[in-house]
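Each remark here refers to the structure printed beneath this line.
Labels run A, B and C following the written order; every chain starts at residue 1.
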Amino acid sequence: MKWPKLRAIGPSLWGIGVFLLVLGGLAPWIPRFPLTILVNLLIFAALAYSLNFITGLTGYVNFGHVVFMAVGAYTLGYTVGTIRLHPLGGVALGGLMALVLALGLGAVTLRFRGVYFAIASLVTPLAGLNIVLVLPALGGGQGILLNIGFDPLSWFYTIWAIIATEVGLTYWITHGRLGYGIRAIKSDEDAAKSLGVNAPRLKLFLFALSGLFAGATGGVYAWTTSGVFPEAAFDLTFSLRMLAMIVIGGMGTLLGPLIGAIAVYLPSRFFLTIFIGTESIIIGLVVIVIALFVPGGIVGTLRKYVPELRRILE
Amino acid sequence: MLRLDGVQAGYDGTQVLWDVTLAAEKGAMTVLIGPNGAGKSTTLKVINGLVRPTRGHVVFQGEDITRTPAHERPGKGIAACPEGRRLFPLLTTEGNLRLGAYPKGARSSADETLTYVYELFPRLRERARVKAGRLSGGEQQMVGIGRALMSKPSILVLDEPSLGLAPKLVSEIFVKIRELREAGLTVLMVEQNAYAALRIADFGYVMQNGHVVKSGPPNQLLDLEELRKAYFAIP
Amino acid sequence: MSRTLEASEIHKYFGGVKAVQGVSLTLETARIIGLIGPNGSGKSTLLNVIAGIEKPTKGTVTVDGRRVDGWPAHRMVELGVAKTHQIPKPFLGMTCRENVAVAMMYGSRREGEPASALEESRRILAMVGLDRRADAPASNLTVQERKRLEFARVLATGAGLVLLDEIFAGLSPDELRDAIALFARVQKEQGFGALVVEHVMRAVMILSDFVVVIEEGRKIAEGSPKEVVEDPAVIEAYLGSEATNVTP
């Protein structure tokens, strides 16, 4: 397909593009502490974008998304820890491993529809955790500790590049022929097939993309924490948080994951430390309220009620 | 029995019904006809409570039911087979039918009515244990009509009952509906098969663009000769 | 290019339910075959098997001599065989134009650009008389409009052999006359071959070149429309003695 003409690119993409460029330009001057917070925020945004590929675009709710992140994290932990690979190589390999896993997993689980897919996806983090716990090479219950130093600027540019790629890809997919096929699948998969949409292949493609970016981001995450710990890496509530971000921001939209990441991460970083342990409850409540009363999330709802914004927000 | 008074209604801001006034008399069979998109199905949805009128009233047996929620209406004696059937796809044929007998007055006689429905549609007896979502189009239509009958209604509201039924069954079902009316049931029916419907009706309304444009006994309503020509122009 | 689809000895069982039991028929470019039979006799199931939506339990389907039974639906569409759904399945969140554009881009035409597909969709919607609704969300359509949209989408795939499941149901006499005329015109223009499942006998009589009648999954008669409606077995099983009075 042709590349979209510059003039035809929508305001949302311009907006995100400018936002990222400004961030990228300012980063070297941001003090270390705020920079690490920013990196954490961007990690969440990158995860939200990665989940958006499958759950946002097709409506297949994946509770097991954290597995791809864990695979990426462990890949980085192992390659950097034992063969002294540069962390960037670990990130790339992490994405690759998660992509391979997504292809294998998706070939099986994407045959299930709706709630059955969601249930199947719930099982994967548990399975993953139990496998890792018995593998001595991955540190078993101890996990892997790395000694790779503190380098927020490198983290920043890596995660920055991941998000930029995700946003570009999301835009490209949703604005072309593929976008129509995907919307058709989301609306009625059987009808889509009987009009020529190769639904299994398209879903697998999106699932693989979603794995790839979650894996790479998992690598960055392990890099920033200098290690991987099994209970944390396969933590289901992490999946829930990513789901919360795209639900709150707006499923399947271009801006939604970013807005959702900000909406979920910042409050939990600054306020919820006061109520330790209640964070997931609060997030859960917010998600329920949003799902019940504003199913389009922030972006979808603004688009619905403020027609002037429809052209601008995607 | 049932009266609509100056009803206006629509969907999400687009108005569909502009001024609908009609009545279904007790013990009579009333049909509502009109072209595609005239608002016939919407009128029936107002009656069974799926669409709220923005103006006007719905009065049933002297009681204003304009604001009565949809789920309370079967209990009052209004049974509908809506457009698109709305079956429970994961329940069996029989499960769907039995759910129709949910209103209090209908529960005790459920077995009896079920037998009647199976006599009306023998095909359904054969398919009793099959999930409704797997039935053929016509079979689903039969379940929709049967389920409405199961509630032992005082008024039966049908949206295009002949849709998707084989010709033989269409004539049978019109005969049966006529029998039900003879036994005292009030019937209000939308039907595109206008000639067949008017033949068994007592009174008819014609709708166009959200208005009732004509009404009267069937012989006044349509020039039967004209209609006959329209139907029998088989080369 | 003239094309031939042959379904031979098709069987389809669902557990113990023998929906189709050995039906054969041939569909060719520019010919219209009517398929009639009582409710639940297996007509839609046969269409689903041919369109690749269901796999046959037994029997073969060939297109221009090539075995295609068991192919998934999207490959059949690529090959130029597409079907409407008896109970319409529009993409509810999309406009009519977008619905048609999907078929345009993924059907055998493989129109690659959304912009041109959307533009072309207008023309196809006009063909089926839905141009007024082009930019309405499909969720706002009435049942009859949804049936038209089904037909428009199948046309948009560019299929040379189309399978139509009750697209004429629920029309008033006038509308039916218009719809039949419109269909005949479009068919002539596009030259596709059609397998038409229909209970509206008027449409079957006027449009079909040949009619196949099935009951309980088996063929009980075939021939010209006139031959078939005079066949006592067909009257007994399907039309009913009074049929000519009520459903013309």
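Worth a mention:
Note that a residue touches a chain if its C-beta (ideal position, glycine included) is under 8 Å from a C-beta of that chain, and two chains touch if they have at least 3 such contacts.
Remember, it's a predicted structure, so these values are computed and weren't measured experimentally.
Measuring from the average of all protein CA coordinates, the nearest chain centre is that of C. Across the two candidate interfaces, A-C and B-C, the one carrying more C-beta contacts is B-C. Spacing of chain A relative to chain B, judged by their CA centroids, is 50 angstrom. Chain A and chain C, compared by their mean Cα positions, are separated by 43 Å. Once the centre of each chain is set as its mean CA position, chain B and chain C turn out to be 28 Å apart.
Note for the complex: chain C touches chain A at residues 51, 53, 72-74, 77-78, 82-83, 85, 89-94, 98, 101-103, 105-108, 112-114, 117, 153-154, 157. Interface residues of chain B, counted against chain C in their complex, comprise 11, 14, 33-37, 41, 83-84, 123, 127, 130, 134-142, 160, 162-172, 174, 192-196, 199, 227, 230-235. Considering their complex, residues 1-2, 175-177, 179-181, 183-184, 186-188, 190-199 of chain A touch chain C. Note for the complex: chain C touches chain B at residues 14, 17, 37-40, 43-45, 86-87, 140, 142-145, 165-166, 169-175, 177, 199, 201-202, 205-206, 237-240, 242-243, 245-248.
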